[in-house]
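Next come two complexes built around subunit A: one with subunit B, the other with subunit C.
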Partner chain A sequence: MGKKLLLEHDNVPGIQGYDVYRQMGGYASVEKALKTMNPNAVVEEVKKSGLRGRGGAGFPTGMKWSFLAKPDGVPRHLVCNADESEPGTFKDRYLMSRIPHLLVEGMITSSFALGANTSYIYIRGEYYYIVRILEKAIAEAYAHGWLGKNILGTGYNLDLYVQVGGGAYICGEETALLESLEGKRGNPRIKPPFPAVKGLWERPTVVNNVETIAAVVPIVNNGGDAYAAIGVGKSTGTKLISASGHLNKPGVYEIELGLPVEEFIYSEEYCGGIRNGRELKAVVAGGSSVPILPKHLILNTAAGEPRLMSYESLADGGFVTGTMMGSGGFIAMDDTTSIVKNLYTFTRFYHHESCGQCSPCREGTAWMEKVLHKILDGHGTLADVDLLWDLQKNIEGKTICPLGEAAAWPVAAAIRHFRTEFEEFVKNPTRIKDVKHYYRLNNLPEPVM
Partner chain B sequence: MNTGHTQQEIKFSDESLELVRNIIARYPQGKQKSALLPLLHLAQAEFDGWLSVPVMDYVASLLSIKPIEVYEVASFYTMFNLKPVGKCLIEVCQTSSCWLLGAEDIIKHLEKKLGIKVGETTKDGMFTLKTVECLGSCGTAPMLMCGAQFHENLTIEKVDTLLTDLKTEGKRKTYLDEVKIDKY
Partner chain C sequence: MPKVTIDGRTIEVPEGTTILQAARMVGPEVAPPAMCYYTKLNTSGGYCRTCIVKVAQGSEKDPRPMPKPVPSCRTMVMDGMVVENETSPEIVEARKGVVEFLLANHPLDCPVCDQAGECHLQDLSYEHGSAKSRYEFDRRTFDKIDIGPYVQLHMTRCIMCYRCVKVAEQITDGRVHGVINRGDHAEISTYVEQAIDNDFSGNVIDVCPVGALTDKTFRFKSRVWFTKPVDAHRDCTTCSGKVVLWYQGEEVLRVTGRKDQWGEVEEFICNECRFEKKKTSDWTIEGVRTIDRHSVISQGKYARDLEIPAHTKKKLIK
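Presenting the complex of A and B:
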């Protein structure tokens, strides 16, 4: 049984409310930080812990915090990124709706460490019901003196608000999120300046994922060294994995980093194997943006070592034979799955979610979707597969924000590992049965038959 | 067809106006534009589930910003409807995990059952059918959202029951509704 830091009390009845949460040791990190530590000491503990951003990029959190500019007289802000929109990812939703106080507590401790007196939780609009859950938890925290003026008599003030988005994947990119929080379209900003220098309203700002901020609680409670002792190598601590697709037991699992992928998929403690007794075909291990891997490469690295659930092991082999930890959105596909069709759903997603600011992404995602549609519809040629490859190459690295890469990588990986399947579609055009339905599904005018 | 609200009928209830003031107070002086998205949600819920031009102009006046600043935002975000929608907007997720577990069958069934295509509204103004991208319910796929409520682990039977229930209830569903939480 792996160690649980975030979901330790997940099954305690009433953990959603303040009283039970407090009984289970809740808000101890706030007491410890505010009463016995100075802000820099908290930052040091987070640095020691080796905690890496849990939203997808995996950037060391302590380092991100230490970049925060501290000009005199300019307020600083902490913004929690709860825009969770990466297909295959639903861990933040789980955490916020089950244990909302853990996020509130993490926000208070982290805001103290950064010297922020007003903090925001930016949550995707589709999670509107969680806004209510969080606001209730925040109201309880105010009522018990954990938020507001002069917290615990220490002179530290903090206000915490929930900000709701409007349904845009791109707002999970931190500068687009800040634009959105300022009441604008979610167009990512050109960096530098980074948010640590000029963020929300041009003030120094740190943006962290929900899970990252929640992880600060056990780090402060038990010390950074204790957190770093869990996991493997530079992948320290625990990670929430959202498991979905053709699994017997999909859901959110907290794992110790370094767990073998095979154990995660097949053991009864976790996903319990592939449903209906079928064979595993492929896995997208870290949310839709990361490269898909066929069974043999997700279970073992190219060198034949067992693949582990860690930043390093998942990335072993680069993009040729490896993938990325990403957000921990783990999508498993059985042997009935059409990789081409699955890729189409991803590419349609990125086309829909492209903000339109950079031409390579705006035009490229649309083009890739069209080409895939053509192939799926039985009208593709072998040249189209090469065209897809060219298209993704011409998006990658040519956009302001990483949505370009996120759209390009799945296409590249699907062709890299499953090229024969694309060719199969082209050579044996099994036309889908109801073309009209297909057009309607995509809001296109009726085709001339 | 409803072509829009008239200027006279647009004013938030007193309760909502109180909420508007509270929302604006969350931001520093002069940064009230940050309240735009929360206010658009509020407006959409209060004014028939969509944002007509007069409604957006009203929101602009509340925040002392130019109408164009509201239009450009409202048209950017998927959740804001710029055309009238039925009382129940059925949003079916169609991205990978939901697709793997049969979202297409759910969509086909809804089209057949409601007698409309994706993007259309039933004649009685009760249902609008829409496909959406990942709503973060991948472990409980396939799913759809109506108002603020997630309906998960869908089967054809569950969809039928849901449609009957929604029709019997006959109420407009909004993102601001209280919801019942089963699993999460």
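Presenting the complex of A and C:
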């Protein structure tokens, strides 16, 4: 059984409420940080812990915090990015709806470390029911003196607000999130300047993922070294993985980083193998934007070593034979899955969510969707597959924000690893047009149409 | 002052200069094309991605190259920076890709478009694009919208450079238009087709790099290369009054701001000068405007003294 830090008290009844949470040792990190530590000491602990951003990029959190500009007389802000919209990722939703006080506690401790007196939780519009849960938790924290003026008599003030977004994927990009928080259209800003220098209302700002902020709580409670002892290499601590797809037991799991992928998929403790005893075909390891990997490459690296759930091991082999940890949206697909159809779904999503600011992403995502639709309809040619390859290459690295890349990588990986499947679509148009083919292939009863 | 090397040519520029501005100082042969950047509009640029360059050396202190192509219009130069533009095959290739994206949804209606001849997208696709498009799907189309009595918006031709939005934000007071919708459905709009009504709204026509925003007093009157540009000025209480008059015969067909070598106006002009003063008697004529040789407008116009070959001269004298 792996060690659990965030979801330790997940199953305690009433953990959503303040009293039970406090009984289980909640808000200890706030007491410890505010009474016995100074802000720099908290940042040092986070640095020591080796915690890396859990939102997708995996940037060391301690480093990000130490980059925060501290000009005199200018307020600083901490913003929690709860705009979790990546297809396949639902860990923050679980965490916030089950243990909302953990996020509130993490926000208080982190704000103290950064010297922020006004902090925000930016949550996506679709999570409206979590807004109520969070607001209740914040009201309880205010009532018990954890928020507001002069917290614990230390003279530290903090106000925490929940801001609801309009439900756009692009607002999960940190600068677009800040624009949206300022009340503008959620378009990513051109960097530099980075938010650490000029963020919310041109003030130094740190934007962190929900899970990153929650992880600050055990780091302050147990010390950075204890956190760093968990995990493997530079991937320290635990990570929430939202497993979905053709698994026997999909759901949110807290794993120690360094767990072998094979164990995660097949052991009874975690996902419990593939649905209906079928064969695993491919895995998208970190949310829809990371490259898809076929079975032989997700279980083992190209060098033949077992692949681990860690930032380094998943990225082993670059994008040719590797993938990324991403946000931890683990999508497993069995052998009944059509990679082309799956790719179309992803591409349609990115087309829908592109903000339309820069031309490669605006035009490219729409174009890729149209080409894929054409191939799916059985009108594709081999030249269309090459065109798709060219389009993703022309988008990647040429956009303002990472959304362009997030749209390009799945296309690149699908063609790289499953080109034969695309050719299958192109070469057998009549069979593709026959919608019942899928059911016959998988020995399923044909639907009445 | 930082020194920057662009395509092998070194120049010293003031602190805070962007790569694009530095390249323009070196000369037009190394300057990257720019569709959305406009010197006189703050925060413009960074959207179209045609001006991307490769930074082979970040600076003297930190010589690491930048991992991705950067937009030269929004990237400041550092001392000792080495930039590759036309000399980098990958940039030439990448720019070709960007041009293809820009043209993907752009209609091929140049023969009936008023911007033809002074369209930046035409120049761009001629210089950096490929002859054929691989886009085979229906292009997005929009209905034409009248924004105010003088300006027509034809979104179908728009490349979303955001220049007109910046004009509305920075030059006029009380911005009434912006961007609605998202992705390739995004459009410039006044949302409820509210008229743009203020003294400087006509400048959106000058900053538009394509034919999306056109002058309703000039639409379908002529082609730009049939008209004759003449510098003129008048005493105007709202703007500088320095304009270019475009003549066909004795008639002033349109009035625009004075555009420099990069297609950017020197000074923004007011609507009264642009739309209402269309008689020669309203203006003090300064002289013929020199048009850049590469522009189609210079067709049939003599911007320099003719060198008549000696043998022809003889014949003429006879």
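Criterion: the second predicted complex is superposed on the first by the 429 of 449 C-alpha atoms of A that agree within 3 Å, B and C clash if a C-alpha of one lies under 4 Å from a C-alpha of the other, contacts with A are read in each partner's own complex, and residues count from 1 in each chain.
One rule holds for everything that comes next: contacts are C-beta pairs under 8 Å (C-beta built on N, C-alpha and C of every residue); 3 or more make two chains touch, one makes a residue touch a chain.
Treat the numbers as computed from the prediction; the structure is a model and nothing was measured.
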Could you tell me if A:362 is touching subunit B, subunit C, both of them or neither one (first, second, both, neither)? second
Quick check for you: in the superposed arrangement, does A:427 touch first (subunit B), second (subunit C), both or neither? neither
Is A:35 touching anything from subunit B or subunit C once the two structures are fitted on A? First, second, both or neither. neither
With the two structures laid over each other on chain A, which partner does A:185 touch: subunit B (first), subunit C (second), both, or neither? both
Considering only the touch criterion stated at the top, classify A:352 as touching first (subunit B), second (subunit C), both, or neither. both
Let me test your reading of the model: by the given contact rule, A:296 touches which partner, first (subunit B), second (subunit C), both or neither? neither
Touch test for A:387: subunit B only (first), subunit C only (second), both, or neither? second
Is A:166 touching the first partner subunit B, the second partner subunit C, both, or neither of them? first
Applying the touch criterion given at the start, work out whether A:419 contacts subunit B, subunit C, both or neither, answering first, second, both or neither. neither
Would you mind listing the overlap between the subunit B footprint and the subunit C footprint on subunit A? 168, 185, 352-353, 355
In the complex formed with subunit B, which residues of subunit A make contact? 75, 84-90, 92-94, 97-98, 118, 120, 124-129, 132, 159, 161, 163-169, 180-186, 201, 242-246, 250-252, 284, 288, 329, 331, 333, 337, 341-342, 345-346, 348-349, 352-353, 355, 437, 440-441, 443
Within the complex, subunit A is touched by subunit C residues 45-49, 52, 67-69, 71, 74, 94, 97-98, 100-102, 104-105, 134-135, 137, 159-160, 162, 178-179, 181-186
Residues of subunit A defined as touching subunit C within the complex: 168, 170, 185, 190, 351-360, 362-367, 370, 387, 390, 393-394, 397-400
Given the complex with subunit A, which residues does subunit B contribute to the contact? 26, 28, 31, 33-38, 40-41, 63, 65, 69, 72-73, 76-80, 94-97, 99-101, 104, 107-108, 111, 117-119, 131-141, 145, 148-150, 175-179, 181, 184
